[in-house]
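A, B, C and D label the chains in the order they appear, each numbered from 1.
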Amino acid sequence: MTFVARTWNRLTIPGRVLLGLFLLGGLLTGALIALIIFSEPILELLGANLPLVRFVGAATVVLLMTIPTAFLIIYMEMKIIALMNLRLGPDRVGPFGSLLSVVHGLKVLMKEDFTPTGADAPVFTLAPVVTYLASVMTLLVIPFAPGLFGQDMNIALLYFFAISGLGVVGLLMGGWSSFNKYSLLGGLRSAAQVISYEVPLVLSVVGLLILAGTMSLNQLVLNQAGWFTDWYIWQQPLGFLIFFIAATAEANRTPFDLTEADSEIVAGFATEYSGMRFGFFFFAEYVNVFIVSALTVTLFFGGWNAPFPFPEIALAFDPGSLGIALLILVAVVPVVGTLILAMPFYLLRSSMPFWQALVIGFVLFNIVAVAAVLGWAFVSLEWVAGLLWFMLKTYTFVFIFVWMRGTLPRVRIDQLMGFAWKWLLPASLLNLFVTAGAVVLVRELGA
Amino acid sequence: MTATSSRPSADDPRITLDQELGIFEPVPPYPPRTEREAEFYTLGDGQMFINMGPQHPSTHGVLRLVLKLEGEQVVDLDPVVGYLHRGVEKLCENADYHHTISQVDPLEYISALFNEWAPVMAYEKLLDVEVPRRAEYIRVLSAELNRIASHALFMGWMALDLGGLTPILWSFIERDEIVEMLGALTGQRMLFNYFRIGGVNGDLNHDFMSRLGDWMTRATDQIEANLTLLNTNEIFVRRMRGLGTIDGQTALQMCWTGPNLRATGLPFDIRRAHPFSVYQELDFDIPTRIEGDCLARYLLRLDEIKQSLRIIDQCLHRMPDGPIMAKLPRLIRPRPGRAYAAVESPRGQYAAYAISDGTDQPFRLRIHDPSFIHLQSVGQLVQGQLIADTMAVMASLDPVMGGVDK
Amino acid sequence: MSFIPGLGLAKGMALTLRRFFEPKATIRYPEVRADVSPKFRGRLQLLYDEWGALKCETCFQCAQACPIECIDMGGIDTKGRYHVHWGPPEQYAERREESALRRSGRTVPDRAYEHFEQLDMSPVEAILDDHDYDPKRMLSILEAVQAVYGYLPVAALKQISFRSGAYYALIYGTASYYGHLRLDPPRDAGQARVAASARPDESVYLASLGAALDGRGAAAGAVH
Amino acid sequence: MDRVFRRRLEARLGPKLTGPVRQRHDETEIRIGAAGVTDVLRTLHDDPEFRFTFLADLAGVDTGTVMQVVYHLWSDVTPDWLRVIADGLSRDDPRVPSVTFLWQGAEWQEREAYDMFGITFEGNRDLRRIYMPPEYTSFPLRKDFYLPDDAARSPGAGIRHMEQVHVPRSAPPATSIRRIRA
């Protein structure tokens, strides 16, 4: 071992880099060879358990997806609220401060993970995990794009509500085990709030389910294909309103963020948490925002459907038919494109040296090329277009959530409960009955 | 006086470090000394104490509130103050008359000009000095600007304690403009040290006047625009209306003054009730409201901002020419006597009571702070309300702990 | 509140959305400096005149006037003889070492002077006791001390500062201001009731200086 | 200076006053003994001729020889501030009746005066220290408190010049107090 260490120490920096690259290349090559040799049995094994593979793959992807999603939403929240407050917000780390949330994440990782005296340590440790997993698992049933979903269950909506309801268990665990009265109050508040709002939340969707006749989210999205007038929002405006309000409360967002009302009960259930355990709570909150927005879009705004039937552009041109000319094109087009794009700058601005014009041309060419590839993907790959529409709609709702947080003060706990039971519940029941009556009426008249 | 118990207090650093870490209960470690303390620190069935502060996101400084709760409902409340006590009155007894002005400056640090004004007026009475009229007008002008800054900040705090993030930053922008302006006039942004015995420290300058003129043209619109965020907001209004209600007679009994008293319908304002400076020559109204709840206290301060703008406008139009300092020796030794002077600060009657013994240091300087008086009635106002309302009521009284703790 | 429920909320949302697009109030500090008015007093810097000389004359007036005693100054008097200090007394036990005391204007046992002036302090004590240790009566104290010693020895001034609590710089200023007070012994030493002891030879002086500079006396033995 | 008001005061409260009514600038000053506090303040508060409904300030004063409690009152019948001085409280055990029965808001001001001067207000339901910690044993605003008393046990003892006692060690304590002719 000392020999290896000594040899390593004697290397220069470029030598170390080269050696590392060399070793890495060797490893990868070996792995590739092994894969090719054993590809048949591996593929067979995977093919035999396809649903399981699909589930594990989807769970991994979804789990990995939550982190950048949370970062993005945290950044959006910091930046949008800052702009509404007439300040700039994050603007130092990365372009327009966009990496600040990443830095926050690293900071949270590096902080001391502290367990207070008197806390119930196992429960205290488990609570963030429960909350985080509950929100991550709900992502499995959300259809992001045609064919791009974890699992197409026929009871997807039921699964969604069941699992997202588990999140409150984590909050309650955290509040109870922290051995802090503020945490306890926060945990109890969240329990009361989530249980109250679960009722109108579910009831508001029942009307929609009667209309659609299915609980599969994928099927619901397919039902809304066509023009934007086919979206369920036009048939269920009251249902949407109730759903949106109740979902805000479910996600613990302003004006219903009583569980972590910092001016009253410090940070609620998260008062005693620090380090990555707090990070899990924090991430779960923002993943929840994404999930709630995604579900709203899926149920009422046509999911990944475009707002109008997109004209089919048949690509008559098949790049594969060019043969060897394709290779030549790949070699020639970047150079020619860069030159062509650089020309106007060089010719029209006499003060500009040629290399600067070349740089500008290269950058422009890259932009054009990326846009072209994306446009091609958008047109020819169905799931890219679907994903883009879905994300566009979802982040619109995320923006609305952040906007509300920037504007509204917090309601009081008794007003919150009163609102749920006295207004939302009757309204959702009314919505349900009216919808049911209308469906029966239409069916009778149609028959 | 001897300590009533051999058990030391939890505040003693020697003890907390040596003893094993335990759970901090707000119950004091000695037998109760008064009836009230005994009554408060006895828990009923299903009640618990919760310690709000001294480190808490929204206590407006280092204030500790011991809440006795029944669920989320506040049964009783015991404010514990003194964490910021600096003994300013004692320091003033050991300082030159001129030095005391900067000693009292950081008391109510949100509206520091009023802190200077009351002692300075008291000293002027002791010395029988007549302040030049231009100095008086400059004092009124700058003090009213400071009042607007203070009220603007109050608006933001109020919203922040109710969970609104945005208004505090908007009002800080508003306050920052005024404070920059006063910085151009006085030389400092927060603790001005501007009023001197017999006048003010510097005359109006171009920098100040141009900033003021620029701001005056858009102040009203800007403040009004900021207010639409909250004034018609259903959540805000529903939370504030009928909360922490007090009637005029009780408020008078609790020695309330300022906007808090005026929100109960009594038009008591030192500027009119016992006119000082040149307020008698100025034309302005005393806005009142009759409800006496948090919303009334909030809205009343907004009305006051408009009146302050009127006063500033008149000051600018009537500003006389002349000296800004009375002729006084550098070392002042007032003849023995007593003087009481009160000004209407943004929080109420801010008063100073000075006794001179003929030396160059005040024999006694008593500072009367309105926040101190208002804070003691929080307990009455929030009884039976929820925890969330404790903060709302606290915020609506607008206490500044620097002034409370002296 | 309006009659239409939610109108207030909508108004607020519209306002924040409008502010979203308005120009921002942030000053990006290191790149952009705030516009500070010429009267602003908060600059913590010493000013230089147009020839590059420091404008501060070390007159101690700012330190003397500072009500919260936050200005700490030190300097040599105009004849280059005595080091004068004016500044905030230190407040914490760990900073009560000699250097901290010296910086704060407190007197410290200064071994460099021990061999020069073996003064009998009992007259000073008696005079201070007569004057109630009152710094306000400093002039008469100093006059009385001069009447006893014939001049004002530095050790006596330090003793007065230590006993009465007045700053050494204040006492020194008083002593050097009045013409009839003198800091050097008069020509005929016979006037003094207590004369300064004979001047020791060079090595003793160096040893004591080394001891004083070392602070703990460890190097003193090495010199001997 | 409101001469009419002065005559009214003398006529109404004459026997209870322990000194002449003094007037300077916009202030009228009367002096009473500790025993008369309840009666005089109630008269001033309730009597339709006075109507002093507003207690502007309550302060303790240590003159070096005696303790005083000073009330400042406001009424709409006179343009003056009325200063009521409860005079002649002994420095060893100053006692004065509380005025919380008239103004409940005086409670904390009395607590403050108790904390700073050790004046006992009889009838105040919550007379404990308000600024200083509960185990503190002295009264900081008294004239015989030189800022060394309890602070002398702190690490910074004897360092700040204001903590120095400018007094001969042999002097009796009574001569060392800064005093005013009250």
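We take it that a residue touches a chain if its C-beta (ideal position, glycine included) is under 8 Å from a C-beta of that chain, and two chains touch if they have at least 3 such contacts.
Note that the structure is a prediction, hence the values are computed from the model and not measured.
A.B. asks: For which chain is the distance between its Cα centroid and the global protein Cα centroid smallest?
C.D. replies: B
A.B. asks: Just grab the chain with the largest centre-to-centre distance to subunit C, centres being mean Cα coordinates.
C.D. replies: A
A.B. asks: Where the CA atoms of subunit A average out and where those of subunit B average out, how many Å apart are those spots?
C.D. replies: Taking the mean C-alpha position of each chain, the two centres sit 47 Å apart.
A.B. asks: Report, in whole Å, the distance between the mean C-alpha point of subunit A and the mean C-alpha point of subunit D.
C.D. replies: About 67 Å separates the centre of subunit A from that of subunit D.
A.B. asks: Roughly how many whole angstrom separate the Cα centroids of subunit B and subunit C?
C.D. replies: 36
A.B. asks: Averaging over Cα atoms per chain, report the distance between subunit A and subunit C in Å.
C.D. replies: It comes to 63 Å between the two C-alpha centres.
A.B. asks: For subunit B, jot down the residues that touch at least 2 other chains.
C.D. replies: In subunit B, 166, 170, 173, 229-230, 233, 235-236 touch at least two other chains.
A.B. asks: Touching two or more other chains, which residues of subunit D qualify?
C.D. replies: none
A.B. asks: At least two partner chains per residue is the criterion; list those residues in subunit A.
C.D. replies: Each of 84-87, 406-408 in subunit A touches at least two other chains.
A.B. asks: If we count contacts the way the header does, which residues on subunit B are in touch with subunit D in the complex?
C.D. replies: My answer: residues 1-3, 8-9, 11-12, 28, 30, 33-37, 81-82, 85, 87, 89-90, 93-94, 125, 252-257, 268, 273-274, 336-340, 342, 349, 351, 353, 355, 357, 363-364, 366, 368, 372-373, 375-377, 405-406.
A.B. asks: Name, in rising order, each residue of subunit C that touches subunit A in their complex.
C.D. replies: 9, 12-13, 15-17, 19-20, 22, 24-26, 28
A.B. asks: Would you mind writing out the residues of subunit A in touch with subunit B in their complex?
C.D. replies: Against subunit B, the touching part of subunit A is residues 81, 84-87, 117-118, 179, 181-182, 185, 189, 254-255, 257-258, 261-266, 405-415.
A.B. asks: Which residues of subunit B touch subunit A in the complex?
C.D. replies: Touch list, subunit B to subunit A: 21, 23, 48, 50, 56-58, 72, 159-166, 169-170, 173, 229-230, 233, 235-236, 238-239, 386-391.
A.B. asks: Okay, in this complex, where on subunit D does subunit B touch?
C.D. replies: 24-27, 29, 53-57, 59, 61-62, 70, 72, 74, 76, 79, 81, 83, 102-109, 112, 116, 118, 125-135, 137-138, 140-141, 145, 147, 162, 178-181
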